[in-house]
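As written, the chain order gives the labels A, B, C and D, with residue 1 at the start of each chain.
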Amino acid sequence: MKETQAYIERVKRVNRDSQRLELAVDRSLSSLLAGQALLVRRIEKDYESEHWDPYLRELWFPVEVQTSNIVVVEQPAKAQFVPGQLLSIIGPVGRPFRFRRKLRNILLIAYQTTPAALLMMLPSLLTKQVSITMILMGTARQYDTNHLPEELEIVRADDNMTWPDMVMTLGWADQVFAIVGQGSELHYFGEIMKLIRQRRNDVPANYIFGVMQRPLPCGVGACHACILKLRGEQKLQCVDGPAFDLTTLRLN
Amino acid sequence: MKETQAYIERVKRVNRDSQRLELAVDRSLSSLLAGQALLVRRIEKDYESEHWDPYLRELWFPVEVQTSNIVVVEQPAKAQFVPGQLLSIIGPVGRPFRFRRKLRNILLIAYQTTPAALLMMLPSLLTKQVSITMILMGTARQYDTNHLPEELEIVRADDNMTWPDMVMTLGWADQVFAIVGQGSELHYFGEIMKLIRQRRNDVPANYIFGVMQRPLPCGVGACHACILKLRGEQKLQCVDGPAFDLTTLRLN
Amino acid sequence: MAIEITRPGKYSLVLSTPVLPAAGAVGFGDSYKALVDYDKLGAIVTNPVTVEARSPASGTRMIALDAGILLHTGLPNPGLVKLIRQQRKVWAKMPVPVILHLAATSVGQLRRGCAILDEVEEIAAVELGLADDMEVADAVRLVKSARMEKPLLARLPFYECYQLAEPIADAGADALVMTAAPRGTARDPNTGRLVSGRIYGPLMKPMILRMVGRLRRQIDEDVPIIGSGGVHSPQDARDYIDAGAVAVQVDTATWVQPKMLERIARDLGGWIATRHKNAFLDEWNPDMGHTEAIERRVSSDIAGDAN
Amino acid sequence: MAIEITRPGKYSLVLSTPVLPAAGAVGFGDSYKALVDYDKLGAIVTNPVTVEARSPASGTRMIALDAGILLHTGLPNPGLVKLIRQQRKVWAKMPVPVILHLAATSVGQLRRGCAILDEVEEIAAVELGLADDMEVADAVRLVKSARMEKPLLARLPFYECYQLAEPIADAGADALVMTAAPRGTARDPNTGRLVSGRIYGPLMKPMILRMVGRLRRQIDEDVPIIGSGGVHSPQDARDYIDAGAVAVQVDTATWVQPKMLERIARDLGGWIATRHKNAFLDEWNPDMGHTEAIERRVSSDIAGDAN
């Protein structure tokens, strides 16, 4: 982890709702893996004449590492970005996603959020011939997927958060990664776990991971604002996350 | 005076140090006269999601009213502006400069500041065949004047804030408008008055005006932060200014 | 709506909207008439007035802070009698009640001030400004000496708010305003000197909101609390109401966005209109749109040098 | 440099730089080792520790404010003894003194804590955190009961700072830290509920700077004051020193810009380097540059939709 600076090199609208930013970053970030994030602040030419509103860094999950020093992030189209904008970055933050060794089928679930934080894993999994199904639930159903790889199977859930062949999909998947809307993560993960437990007698360890994207005040394990209670222990989202086994996370 | 909104329509570098912004403004601002200013805040699409740093509005003195709804301001080249930027404007603020009826020769003095707030008067005075001399003193000597009208005589003062034929220039001028650096206005105006009094026995009323450009918290006469002490009375920069007869202003 | 912002009784003050400008925000009279529709406000609070005239502070009066400002004006005013003479007609024409903010100096001056104000029917109520660093006993004595046939609001200083609230309510204040802006110190970038003054900015709100919430549970429930500090949006105002305030005062946000004062007042007064899809920014509340003609920008090809 | 930040005497603490992180800012040990050069700091202050273990607050812990944040963590920690076991080796390797922040709970726990800490030589001093809303007598009793063979700093609560400073100095504190972040209340935008917690942001500085300036003139000059609150730049730190503080603590600014903590420390410690003309932004202090290769942007032709 380092504190470095970057430029927004290019701003590219990829579909109705999303734009992608190509960031010219410090080379140390080119080794960033799926699951790791950047803590980003827009800065000005003079590092000292900083404004303090907004105060905290934003948590950006890259969707692609393009070349040795270009990292791509996805943002809603309505956010205003200008090429040449300077960024201050702390990263990489967090641990890479850990996939089963013999992963063949993976299920991705996005509920009340953009699935952007799950997209970084796609290229390497597709190269390894892993079959990927992405379920969009709640407001995530509005997410425009036109720009995503064709090999990806995309399913939009119905109003009851179910989809055809749900039991089958859940059995088919070797591993599940779920991401949910900010602010009520534990509640949303609880809903998802309920859905799954209704359709699968036994949810084994390391089967379903919840990806946390709560804002991180420090990102380095200092402030303890991101503590999560797990069965028998406490973990930090910034240091130990973002993915946590949903069978161990206390979802209260 | 109104609270209106405007776009930055065009950003144009006019010389090494300055850029000019063309603002598409509400038509009510097209009647703005030299001496009047705008209180400006950069805003975002959603008026409510405003940031509060910086807090106060900036005081912008236009340099030109181009057409019915384009007002031009001059800014240092290093400030970052982007076409399409939305502005919130309160204006016009203040009273127009009052010129002698039979004005033939006018002297403009800029000391430790850009003369931008004095430029708006140029076109109409030149049309009326008024001879204009502009003295640049202190840091104002670095101001690049390449973009100013050729008819303007520009004199850069020496280190002692004097220039050749100073006594003559001061006698020649029917009226003087002086503008000085922010934060120490009264002190700087005092220095200028001392220079002038050394070279002119009698400084008549309505001969020399100091143009105040201190930031205005409210701009409408409510906060009383911009009060100035004049001989025998108190006046508000925002309501009664920006120009004050320097023979009446208490320069302490 | 009808909101009683002072203790019920003979001399209570009822407003139609629970939103007021704070003392110091809108001047002594109608300075904001070009920018704010006074009709939509609950009342006007004047800038602080003293019985004797006061001249403005010399030196730095304003310092820009991160998301805020420091202000030290010295409370310039021509003195109560002269001010009444100057403003009486303006106040008479105001579409809403006028509350005069009287800076509490001494018991003697206060008694004189109250006697004068009792005769001024253009003034609906008096807000007493209690100075910082005041002993509880002195503050109580001042409030007790300010007896009038008008409601008396007491504006509490920030740092002493927790200590003063209950004694001042018991001393007979008809409402408590929480709080005046806190004093602070900042460096004047122009002179390099440390300057003292009052601190304004949105970060005041969470601190004063807590005071209102806690003190609402402590003091006599007959005594209304008016929240003041960091109200910058309708939501800020609603937060104070939720925490137990009967009304709010909007302070420097008025200077930054004059229309915001009116919007907060409209919102809390039930005047809120629906935003039309694709409306111009300042057509948020369609009847508030002031910009007659923004031509859409035609080109973005000439960009500023962004290096 | 050699700066004595506690009362002169047998157990005084001397630092080489008058800049420390505040309790809560950098964790219990070396969390910031990848981002901050600890060697350049005056000392480390740990997150608050209690004698008994504490579990984290449930529910919302952080709310973004205008130019600030509200934080309510519940001070999670494994309890003093366990923490010492966990961190002892890290502390031993720290290039600067470690000050342990002990939250003052009861006299009994405090006595136990001090007895334990007297045996831990990796800890150079103890900073006692005094809770909000504490009566003066209770606070004095706590400070008096915290006797050790190490210097004792007392961190004063914000709202009670003016009342507590002198009694706490007289009770024997070796230094006063002014102040802890004030408590406040804000609405959680996700749940819609009002949440209480501590308020952080640059606007704290003018208020606490005034406290430091005024109280420096009031209390025994043998007792150093450490300024804490809203230090976001070297100039902020220098302002506290000018107002009479012997050192400063940097709080949440560390999270926003970790290098800023180091830069403030370098600046006040005399380490400041000259900025090269045309240097990259983070080459301000050339030896602090971290960005290995920023390729200059090649095109600005594809602009985002700016409508």
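Just so we're on the same page, contacts are C-beta pairs under 8 Å (C-beta built on N, C-alpha and C of every residue); 3 or more make two chains touch, one makes a residue touch a chain.
None of these values were measured; they are calculated from a predicted model.
Trainee: Which chains make contact with chain A and with chain C at once?
Mentor: B, D
Trainee: Would you mind telling me which chain pair, B-D or A-D, is linked by more contacting C-beta pairs?
Mentor: Here the pair linked by more C-beta pairs in contact is A-D.
Trainee: Report, in whole Å, the distance between the mean C-alpha point of chain B and the mean C-alpha point of chain D.
Mentor: 45
Trainee: Centroid of chain A to centroid of chain B, CA atoms only: how many Å?
Mentor: Each chain reduced to its C-alpha mean, chain A and chain B end up 52 Å apart.
Trainee: Mind checking the centre-to-centre distance between chain C and chain D? Centres are C-alpha means, answer in whole Å.
Mentor: Here the centre of chain D sits 34 Å away from the centre of chain C.
Trainee: Can you check how far apart chain A and chain D are, centre to centre, with Cα atoms defining each centre and the answer in Å?
Mentor: About 32 Å, centre to centre.
Trainee: Which parts of chain A, given as residue numbers and ranges, touch two or more other chains?
Mentor: Touching at least two other chains: 45, 51-54, 80, 82-84.
Trainee: What residues in chain D touch two or more of the other chains?
Mentor: Residue numbers touching two or more other chains: 65-68, 201-202, 232, 300, 303, 306.
Trainee: Touch graph of the chains shown: is it line, ring, star, complete or other?
Mentor: It is complete, because no pair of chains fails to touch.
Trainee: Which part of chain D faces chain B closely enough to touch in the complex?
Mentor: Touching chain B from chain D are residues 66-67, 306-307.
Trainee: Sort out for me which residues of chain B touch chain A in the complex.
Mentor: 44-45, 51-54, 78, 80, 82
Trainee: Under the definition above, what is the set of chain B residues touching chain D in their complex?
Mentor: Interface residues on the chain B side: 51-53, 82-84.
Trainee: For the complex, give me every residue of chain B touching chain C.
Mentor: Of all residues in chain B, those touching chain C are 1-13, 19, 24-28, 41, 43, 45-48, 50-57, 69, 77, 80-84, 86, 88, 90, 182-184, 215, 217-227, 229, 234, 252.
Trainee: If we count contacts the way the header does, which residues on chain C are in touch with chain B in the complex?
Mentor: Per the touch definition, chain C meets chain B at residues 24-27, 31-32, 34-35, 47, 55-56, 58, 61-62, 64-69, 71, 73, 76, 188-191, 201-202, 232-233, 252, 254-259, 280-282, 284, 290-300, 302-306.
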